[in-house]
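All chains are identified by letter, namely A, B, C and D, in their written order; residue positions are counted from 1 within each chain.
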Amino acid sequence: MFGEYSLGDLGAIFAMQGFAGLILFSVYVLMALGLAIIFGQMGVINMAHGEFMILGAYVTYLCSGFFQAHLPGIFPAYFFLAMALAFVAAGLLGMVVEWALIRHLYKRPLDTLLATWGLSLILQQAYRSIFGAREVGVELPSWMMGSVQATDTIEIPINGLFVMAITVLITLAVAGLLFASRYGKQVRAVMQNRVMAGAVGIDTGRVDRLTFGLGCGIAGVAGSAFTMIGSTGPTSGQLYIVDTFLIVVFGGAASLLGTIASAFSISQTQSTLEFFLSGSTAKVITLLAVVAILMLRPQGLFTLKVRR
Amino acid sequence: MNAAILPGATAGDRDFLLAVEALTVSFDGFKAVNDVSFYVDPDEIRVIIGPNGAGKTTVLDLICGRTRATSGSIKYKGTELTKLSESAIVQAGVGRKFQTPSIYDDLTVFENLEISFPRGRSVLGALMFKRDAEVRDRIHEIAEMIFLKDQLDRRAEFLSHGQKQWLEIGMLLIQDPELLMLDEPVAGMSVAERKKTAELLHQIIKGRSVLVIEHDMKFVEDIAHRVTVLHQGKVLSEGSMERVKTDPKVVEVYLGH
Amino acid sequence: MKLPTLNDNPFMKPVEWMALALLCGLIFCVLPLALDGFRLNLVGKYLTYAFVALGLVICWGYCGILSLGQGVFFGLGGYCMAMYLKLEASSVENTKIQSTPGIPDFMDWNQITALPWFWAPFKSLPLTLIAVVLVPTLFAFVIGAAMFKRRVGGTYFAIITQAIAAILTILIVGQQGYTGGINGITDLRTLHGWDIRTDAAKTILYFVNGGLLVACVLVAQYVKRSKLGRILVAMRDKEDRVRFSGYGVASFKIFAFCLAAAFAAIGGAMFTLQVGFMSPSFVGIVPSIEMVIYAAVGGRLSLFGAIYGTLLVNWAKTTFSESFPELWLFGLGALFIAVVLAFPNGLAGVWRQHVEPRLTRRPKAASPAALPQGAPAE
Amino acid sequence: MAGNERGLAGDLGLESALRRRLLMGLAAVPAASLLPRLAQAAGPPTASVNTTGLAVTDTEVTVGILHSVTGTMAISETGAQQAEKLAIEEINAAGGVLGRKIKVIQEDGASDWPTFAEKAKKLLVNDKCAAVMGCWTSASRKAVLPVFEQYNGMLYYPTFYEGLEESKNVIYTGQEATQQILASLDWVAKEKDAKTFFFIGSDYIWPRTSNKIARKHVENVLKGKVVGEEYFPLGHTQFNSVINKIKLTKPNVIFTDVVGGSNVAFYKQLKAAGIDLSKQVLMTISVTEDEIDGIGGENIAGAYACMKYFQSLKNPNNEKFVAAFKKMWGEKTVIGDVTQAAYLGPYLWKLTAEKAGSFDVDKIAAASAGVEFKSAPEGYVKIHPNHHLWSKTRVGKALPNGQFEVVYESPDLIEPNPFPKGYQ
């Protein structure tokens, strides 16, 4: 199939294809990171994760409208503020949800699944009532659109670079928070032994609430970042949920590194397959491969062998 | 080395009911059980003692197939157990009681015992299983033995801790295993219950071998034929209670304080 | 009055016989008399979901396996039936305007010139009826064997079954030449020459559906009161204990999962017959999770509850969506949350806690000696 | 700005029951004021216009509207039902049909195909609607078609679709695939000297059928070449790989029929990847003014769309229609191809009923062929004996403000041909 193209062309295409895979990878990591914290660390299946992402996207949409109308001068930079607001909004909603719903269900993971699914329906309808059934477009500052001409034939989309940069930053921040801070130690202590952690004076309720809020907040940022490449509608969130869960499970639920590795392998597989096959087929094959591997190796890619 | 201290171990594996040889398991490099060998005779009561973390429970886990050995062999009546599934090991005649009482809270005492009745263990068998006179008689017999005769209709959830332990022992008895493994059967029991349990154990060991993990030395002295001491995953000492008690190594790590 | 007595293990307790009689009365007398043909057909459609809910009671309620992919089995059963009906509707005469007459219209549109091999068996009604149950059950067996033998359960199982539902949907939609794509298999007309579109046929199908449902209830009841049913409960409680009582735990889980799949498949086939088409929108995640809520509302441990739960949720859905379509999603969402937080045992739990004691109080008043039931003996 | 959308959603949303009552109320007011004139005009007696037991009284005739108000398709179906309500209101204000006011019963298909079938049956069997305006997706139409045929109802279906269907009980007011596609392909081949095409579509029957017809036309008639054909699941949001393929194959024309939310992702990523639509020709058959709302005009400016209708059409009919639509539904609303086609439904039905002198479905079905609607916003349309419409095809160029500039209009009405020979 490549007979007709020059070697230079092919090289450029493969470079760009690799880059496309990296963008997909960033997207997956952003989606999965919040879930990995909530599911991996807390054991809660949050089916409303997609809706938290969409909340972030809507916050960005509102910001873009506000800045265009009232503060056009700093419009080029509004996106950063929008992301921060998305984090806060989704995080706060997450904490409310944890307090009202999740904390009653820690011992019943399957029930969190049903309850959060109900929550996702409510949120979807709320978005529809507030923002309308139509998809909304977010106006981006012009510097974010377009591409960098790397060579004659290789063009790198700026929004892709931006998403990747954000992914790296957030991943580092999360890793720092979980593995280097006092809060991170508390989180890990609570996850390993709730009773003991409580006994040594950690406010486990607060840690739970913050952790859930953090996961949701990251989802909000992811949603905000997605407005650059995707669409925002009341039901957009549902599209992501299966992919996201598979990434987390495939990575081995408790491991942050695993989530990243899993996002990387899935995104590269999918983007490579997409290039050789049609989009639908690539998706089916990728998902099937993941499910098949999970059937053979249920613990996922990265897990510690532990004494049961 | 082990063979030397075992009287009568001359005719090879077949005379032992259970032969554990060079058993090792490691979790991420940590050897929880390290080159452990011991042999259990038919009708013998063997007690395994040792400080916390010595690998006692892991040894039982290995024998009943809950944990897979990294290396070594476990032969039960000449059959290699390390390759068998848990249910096959049970069906071969090995019964196991867990450290915390492991019974079915949502079922009645009767139903708890019935499930352990060794018939209808396949899917089809369970579907076709009939609660006939044989089953009922056997359950009544066992219930009598484990002091729960008038509790048969109660949901197991509402039993006292000691009763739950007995129920689990009863669930093993009804399987009629040749090798019975008990993990701390008297832990958390009142003195009276403890006495009753010892009585129960004496009664049920007839015609079978028993492998017990226990911390209560008085209880151990009371029942043990022989004792194996584990320390840091290895066999530290083995022999009669008298002999083990005087073994300086054992005194140092375990009994001395 | 001592319940349950250990010496007898009756097929059904008197209360359950009563519930069965009530259900039969409702399905076979009250509803057909009270509703017009259109509404009755709707109830028939709801009852096909009740098959799925029934399976979930066994598989989720009793065995503790939550499958979020029951739509897969419902869909496979429905598709098997639809393939037969479609072939019958695609006789050479009916399709003579096509470039290849005698094959389903959507194949013709996709330049397929010969019937694909896996469609061939569906020319025969007996083979179809076998396939309706066998194909989904085998599929469930493969999934179950792969997962349960490796001790995958709980949340992982839920997520993986959900992924399977997603994959199958994309696959069906993508292979439209073989499956009818997103439109599904439509325009089904006759079953072995019998026109299923007439009002009389719909009424007959409603009764057949009801009969099959009652049959499935009886099968489920048999399983539930057999030793196998108690093993399922025991496994949900202490899986290791069951394993070390000499049972192959995986096989029991596979059995429960396959049974649920078979029920769902029968429901799917009846759905196709009554509604007249099958489409991938029943295979996906959303319907699969909705089906779980039917069982949850009815009571995940109650066979009869599951059926009433299905009827109630769907009735509410139809009523709400006729007058307040937007409120419906809020209502459904709230229902999920309420059922989890406040009524984990659903309608059946409410019945047992609040209604049954009142019903039994009367005889108690007559004979004060009777013991209150269900009270723990402590 | 969001407030306006909120109002719109409110109309469809929370108060739809209320709105229905309001609409009926609205219908009632002019009815009273027009009563003397009606009495003079005196519609024919009910017994003569309704011999099959439809819901027709001396003063009223019932019509159903069946679209998704909830679920994923609510996004698309909003415009269609707005247009239908507008047309019905106008018809009522002008005296109704055969001297009778149109009473509307609206049902929600909830984006769920069996629900569509269920509600269609309700509208026909319980409500005895004389006609139903409704459906959007092919799947929903396929689901209701047997119902309409069995209970002998009349459906006016507004969406451009894949063809391969013809029914006595359906009037297709949108274009079938050949009408929409062929003329525009000819145009792009001639004007842009296009030889190579790259097809991208959502993975379901309409894009696949449309692309099949387009491919045959490109290969057999235009003697060009299709250098790629790709399908993505509905809702897909990652198009970077296919964009790379486009870069590799360098087609003269990107021909797309991606639908729904995927469009937003597709055009944003296309732009970000440096594909400049003012240089690269892109022809879409799936993006109307409605979709541009979500995509953002600046992301798609320069692309070509082929449709039979654009909001910017310059003719008196359309100017009147656009003004009336905005008056009823708000200044910010946009009108796409399907919305206009939906507007035709009630009018075509009215004209047909008047031609037939009856509401009976059989008579309407028989009288439909040849019915002309001269004041359609898109211009003159006529019903073909195969129940599709004769209509023109136009090519529009997307502008940054979200509107299209019409750059080409077929000289004649194009004959609908749902079973095109040589394209199957």
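What we mean here is this: a residue touches a chain if its C-beta (ideal position, glycine included) is under 8 Å from a C-beta of that chain, and two chains touch if they have at least 3 such contacts.
Just so it is clear, the structure is predicted and the values come from calculations on it, not from any experiment.
Path length between chain B and chain C in the touching-chain graph (shortest route): 1. Nearest to the common centre of all protein CA atoms is the CA centroid of chain C. Counting C-beta pairs in contact across A-D and across A-C gives the higher total for A-D. Put simply, the chain farthest from chain A by mean CA position is B.
Annotation: 37 Å between the Cα-based centres of chain C and chain D. Centre-to-centre, using mean CA coordinates, chain A is 49 Å away from chain B. Rounded to whole angstrom, the centroid-to-centroid distance between chain A and chain C, based on C-alpha atoms, equals 34 Å.
In chain A, the residues touching two or more other chains are 125, 128-129, 280, 283.
Contact with two or more other chains is made by residues 170, 173-174, 326, 329 of chain C.
Contact of a single residue of chain B with at least two other chains is seen at positions 66. For chain C in complex with chain A, the touching residues are 66, 68, 143, 146-147, 150-152, 154-156, 158-160, 162-164, 166-167, 170-171, 173-174, 285-286, 289, 292-293, 296, 326, 329-330, 332-337, 339-341, 344. Residues of chain A that touch chain C in their complex: 39, 43, 45, 101, 104-105, 108-115, 117-122, 124-126, 128-129, 238, 241-242, 245-246, 249, 280-281, 283-284, 287-288, 290-291, 294-296, 298. Only residues 64, 66, 85-87, 90-91, 95-96, 98, 102-108, 110-112, 114-116, 118, 120-123, 126-129, 131, 136, 152-155, 157-158, 168, 171, 175 of chain B touch chain C when the two sit together in their complex. Partner chain B is touched in their complex by these residues of chain C: 2, 4-7, 9, 222-223, 226-228, 230-231, 233-234, 236-238, 240-249, 251-252, 255, 376-378. Here chain A touches chain D in the complex through residues 5, 9-10, 13, 16-17, 19-20, 23-24, 27, 62, 65, 69, 125, 128-139, 145-147, 149, 155, 157-160, 226, 228-233, 235-236, 239, 270-271, 274-275, 278-280, 282-283, going by the rule given at the top.
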